[in-house]
Amino acid sequence: MIDETLRNVPVGVVGCGYWGPKLVRNLQSLPGADLRMVADLDADRLAHVRGLYPAVRTTTSYDDLLASPVEAVVVATPVATHYDMARRALLHDKHVLVEKPLTNESSTAQALVDLARERNRVLMVGHTFEYNPAVDYLKDYIASGKLGKVYYINCTRVNLGIFQKDINVIWDLAPHDVSILLYLLGLKPETVSARGAAYVQPEIEDVAYVTLNFPNGVMADVRVSWLDPCKIRRITVVGSKKMIVYDDVEPTEKIKIYDKGVDAPPYSDTMEQFRLSYRYGDITTPAIPGSEPLAVETAHFVACCREGATPRSNGQVGWQVVKILEGAQHSLDNAGAAQEITW
Amino acid sequence: MIDETLRNVPVGVVGCGYWGPKLVRNLQSLPGADLRMVADLDADRLAHVRGLYPAVRTTTSYDDLLASPVEAVVVATPVATHYDMARRALLHDKHVLVEKPLTNESSTAQALVDLARERNRVLMVGHTFEYNPAVDYLKDYIASGKLGKVYYINCTRVNLGIFQKDINVIWDLAPHDVSILLYLLGLKPETVSARGAAYVQPEIEDVAYVTLNFPNGVMADVRVSWLDPCKIRRITVVGSKKMIVYDDVEPTEKIKIYDKGVDAPPYSDTMEQFRLSYRYGDITTPAIPGSEPLAVETAHFVACCREGATPRSNGQVGWQVVKILEGAQHSLDNAGAAQEITW
Amino acid sequence: MIDETLRNVPVGVVGCGYWGPKLVRNLQSLPGADLRMVADLDADRLAHVRGLYPAVRTTTSYDDLLASPVEAVVVATPVATHYDMARRALLHDKHVLVEKPLTNESSTAQALVDLARERNRVLMVGHTFEYNPAVDYLKDYIASGKLGKVYYINCTRVNLGIFQKDINVIWDLAPHDVSILLYLLGLKPETVSARGAAYVQPEIEDVAYVTLNFPNGVMADVRVSWLDPCKIRRITVVGSKKMIVYDDVEPTEKIKIYDKGVDAPPYSDTMEQFRLSYRYGDITTPAIPGSEPLAVETAHFVACCREGATPRSNGQVGWQVVKILEGAQHSLDNAGAAQEITW
Amino acid sequence: MIDETLRNVPVGVVGCGYWGPKLVRNLQSLPGADLRMVADLDADRLAHVRGLYPAVRTTTSYDDLLASPVEAVVVATPVATHYDMARRALLHDKHVLVEKPLTNESSTAQALVDLARERNRVLMVGHTFEYNPAVDYLKDYIASGKLGKVYYINCTRVNLGIFQKDINVIWDLAPHDVSILLYLLGLKPETVSARGAAYVQPEIEDVAYVTLNFPNGVMADVRVSWLDPCKIRRITVVGSKKMIVYDDVEPTEKIKIYDKGVDAPPYSDTMEQFRLSYRYGDITTPAIPGSEPLAVETAHFVACCREGATPRSNGQVGWQVVKILEGAQHSLDNAGAAQEITW
């Protein structure tokens, strides 16, 4: 009898553009994983990988990777190819980790979920922020009740570049915030709307605003831009008891909890009696572990492969995110009109 | 023959709540103005004013003020009363400075504009930021062409408090940003949309997002909130050549000009040839004069009264702002659907 | 029988340069004080005071003020005149509040302390920061034991300007930090040393560093400069259990308490066993009341005058500060050699 | 005939504690270098290196490394061993790069300089900041005359940890600032003084202040601490025309040039005529290349080895830094008395 926990999972990566090399670096040094092969159409990129990691085989043919004995495939190719790449890997009975977003339409996302279930394989999406210790802290804090009722959430994710040419800024950046929102709230939005504009490349929006309306009146707004002078990655969560700012750009003080709020009297006979009292209390910056989210994510993927477990950011979650992005796209194409999302 | 430029304009103020005392302080020390009388319904507030400025008369009756020989009236009462207060002052042939917004509906704003023209009196709105040296710097910079074509503008104006009970956060805070946008761009928006939610007081939105679409594809977004842990007053103007951030909370470095951008090639035969080149150049923080906007604004009002000139933030501008807010309110009441504004 | 607590103390101010007008403004609106007269050699400044506060009498003769029935005199004249101004006021049986530093040599400071005791009058020095709520918070925190043993304190107080022409930057800015240190620690330093240089005005140091060695190994360093591009007013207090930064330039988050430190084992057999364990815990920003220190200071002075009480920043404390500055000056004049201070 | 410029220099590293792995990583990917062997007494560290770079040989014997055909040795062992390690490498005719400081006394530093000259080998010290693009920018700016006459420089380098057990904080952190100062000014200090205290480990100062007096009245102060809650790496250079702040902790805006200063009139008949006029102009943040200093440093070392050139941070410079640190140590041991440095 083999001790399964001692066995390394053989893994391959397809796609070595911007994000792929980060995955390769993490998988290469990950206990429990055995990075065997990297595939990309560009021979120069493959040469670079071999220079760094002489033990890793490389190929320009995805078929080679699929035919190899790797048990898990990590897909880091352009979004438009995600569905095909992941589908073929599942048909070869590989476990699959797909970069976010899972696919570019909800029907193909659903098809992947179904196929993975059929083949009994792990299907996971690279929603990195679900593996970020600061986001975990936020989730625990909300769940503990210390924030009170969640009122609203504001997300800003802007920077100069990197422009994509096959997807707009919503499909590129908003998956992060949408997956964070689903993870934090444990709720699915009822409606979505979006507004945006394309300045640098025709018809590819580089600036956009997305509004999500969740049950219980929770409103979440997401601002994304490839065209801003400052790098801002900031999430404000306002609750009835506390308010939190999560600033991912801060090197150490990522989360600040404000003991601030408005305490309205339970009722008042007349508007004149109505008074609001403001609370301005202490601010606390908790110590957050400094672990690298991508390391946690890849370790989680490999553990799920080995144990046959369902990942946190599983295909189902990936499909939900795609469905919301799809709704946002419809709204964008219809002058910002709110779209209901039918779950 | 009297030298008109030596004569002080006798002025009265009605309304001594949050903003009134600031106007009183500025008018009291303003060369060219002679603050004669302050009216308010609350005798305690008036006693406080007399304590600070023994020479100023006070009254709880607006009629007293209107009957007095003051030539100009400054209206700092709740928004719902602006129309009536300003109308009565104009009917008594007083010049009028009304706090922003001019009124709470465009029809009454228009009526005040007409009445002022008829009576040949000055009608001005307290759009303070049009008298802010940093906003002037921005306007001049855009006009100089150095920013290139204006792409989009993002405005954030949030804080904890002060909640209003007769108007929502759009009517309270957005007049600042809308008047700044009109002033900077010299354009009127074609459509407006808004989303918001009410958390602390039923049916009075305390959090809202407004989108304005201007001619030439310029998009402007305004985020306003009474319910945020941080005080943020920040405007980002992105142009084809430069990007500017104006942070009004910064004590000294209010404006930063970023020599940043994306230079796309004029054309490319194939998508593969398509390359974007990013420009990351110097950042410049210009020295901005430290003059107090309210002092500039009140001095401008008094000068217009004396000279019969048309103020920068005149009634016509005030009407435009109200018309835009009205459109935003309609959108808010219709699930965020974009509203055309007919000029 | 008169209810003494209802009586306003009649007060006069001498000196209306940079700091005087701030004192005048505070005294003018202070319950319990009756600002009667302001003296200055410059008639224009006096005219300005009368414009703001028509009820206040002004004079260019200090004798007028001394002859008047004011019971308390506030001295805000150049440092070189402090001794004479304060002495004459005490000889006229006035209570006296002198701007910091008390005088420019310890012998005259001592003489004022003796004279005030003899005349049974209040002698207070304007060590504003002893009335600053953030400094009070620091003092209480240290006293509570939560900081552990105080290791060392670093103070930085730099800016561009305002250059003095009769005293160097140590006598101008360091009184703030020295008075804060005495107040926080409740200890007197055993030695002092100082280094500095004069760049803009010959022989008047505009940049300087002062080191104080207190009992128990506490070291405190003070950096002062009139010639720095940034305004920094920052005090770091490092203790065995916690570390605190007090940043007076921060508009709201003035104090940050860091749960950080190094926990060395009590002993170790060999150097190789020696390990230091670092503690990186939460950061807390306490809510600090926003009261204006000068308002608290002037109210405390007037209360002491009325009740015959000894002020917190009394003449004795003022003498200690001058004695330390005198030692620093000796060190500065002797290439930075440490000076013992004999108490 | 061999094209020397195409040949890779075979290199070995001794010492794999905190800094060694960074050197290994840089050398491993450096074009022109061929990292052959790594030596350390700790077998676990060597195993870790082999895991990352399977092609690199490792050894626990420095003799192995010296006997190998590597042409250059990088010494990253504890400071007390630098002299012996570097001497033996030179005696084996290897080029040597020694981590800062070169040695722990000026006599041994001088001996290494002499030996390297004798053997005609490259001797370089790892003064990383001399290869930092921001420091280069500062040096060029000063050299251009745009800063005017340099008045004074203030350096702060503090953090929590990492405590050393064989050297105090001056020998650990101040080499950075001292080498930067020598590089920027092109001058050698005439005197040095230092004050410090030991809180965590007996007799090993963890907090210290060093003052350097350069010719022409330039004063430079260095604050170093292992015991501060904040990571600060900040250098302020004040000149007669401009002031610059270099903040190494800032991710992108590392340098700010302030057009600020004081313009005194050339003379004045009386002190009363004396007026200072302050200049508050623009602030400029230049775009600085983002190259990693250690990559530049190691490339420079390898280029010097190949070409037989003298490195920027050569042994002579390393000796100067050690001589200054030695002076600071003498001052520290003598209550801060200023020490003359004889060059």
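Going by the order they are written in, the chains are A, B, C and D; count residues from 1 in each one.
Convention: a residue touches a chain if its C-beta (ideal position, glycine included) is under 8 Å from a C-beta of that chain, and two chains touch if they have at least 3 such contacts.
In this text the structure is predicted, and so the values were computed from the model without any measurement.
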(request) Give the chain pair, either A-C or A-B, that is connected by more C-beta contacts. (result) A-B
(message) Under the over-half criterion for shared residue numbers, do copies chain C and chain D use the same patch or different patches to meet?
(response) same
(request) Just grab the chain with the largest centre-to-centre distance to chain A, centres being mean Cα coordinates. (result) C
(message) Can you compute the centre-to-centre distance for chain A and chain B, using the mean CA position of each chain? Integer Å is fine.
(response) 39
(message) Roughly how far is chain A from chain C, centre to centre by C-alpha average, rounded to an integer in Å?
(response) 53
(request) Would you please write down the residue numbers of chain A that are in contact with two or more other chains? (result) 280
(message) Using the touch definition from the top, list the residues of chain B that touch chain D in their complex.
(response) 253, 259, 280-287
(request) Mind listing the chain A positions that touch chain B in their complex? (result) 151-152, 154, 160-161, 163, 165, 191, 193, 195-197, 199-201, 207, 209, 211, 217, 219, 221, 223, 225, 227-230, 236, 238, 240, 243-245, 256, 258, 260-262, 264, 271, 274, 276, 278, 280, 335-338
(request) Can you check the complex and tell me which residues of chain D touch chain A? (result) 29, 51-52, 54-55, 251
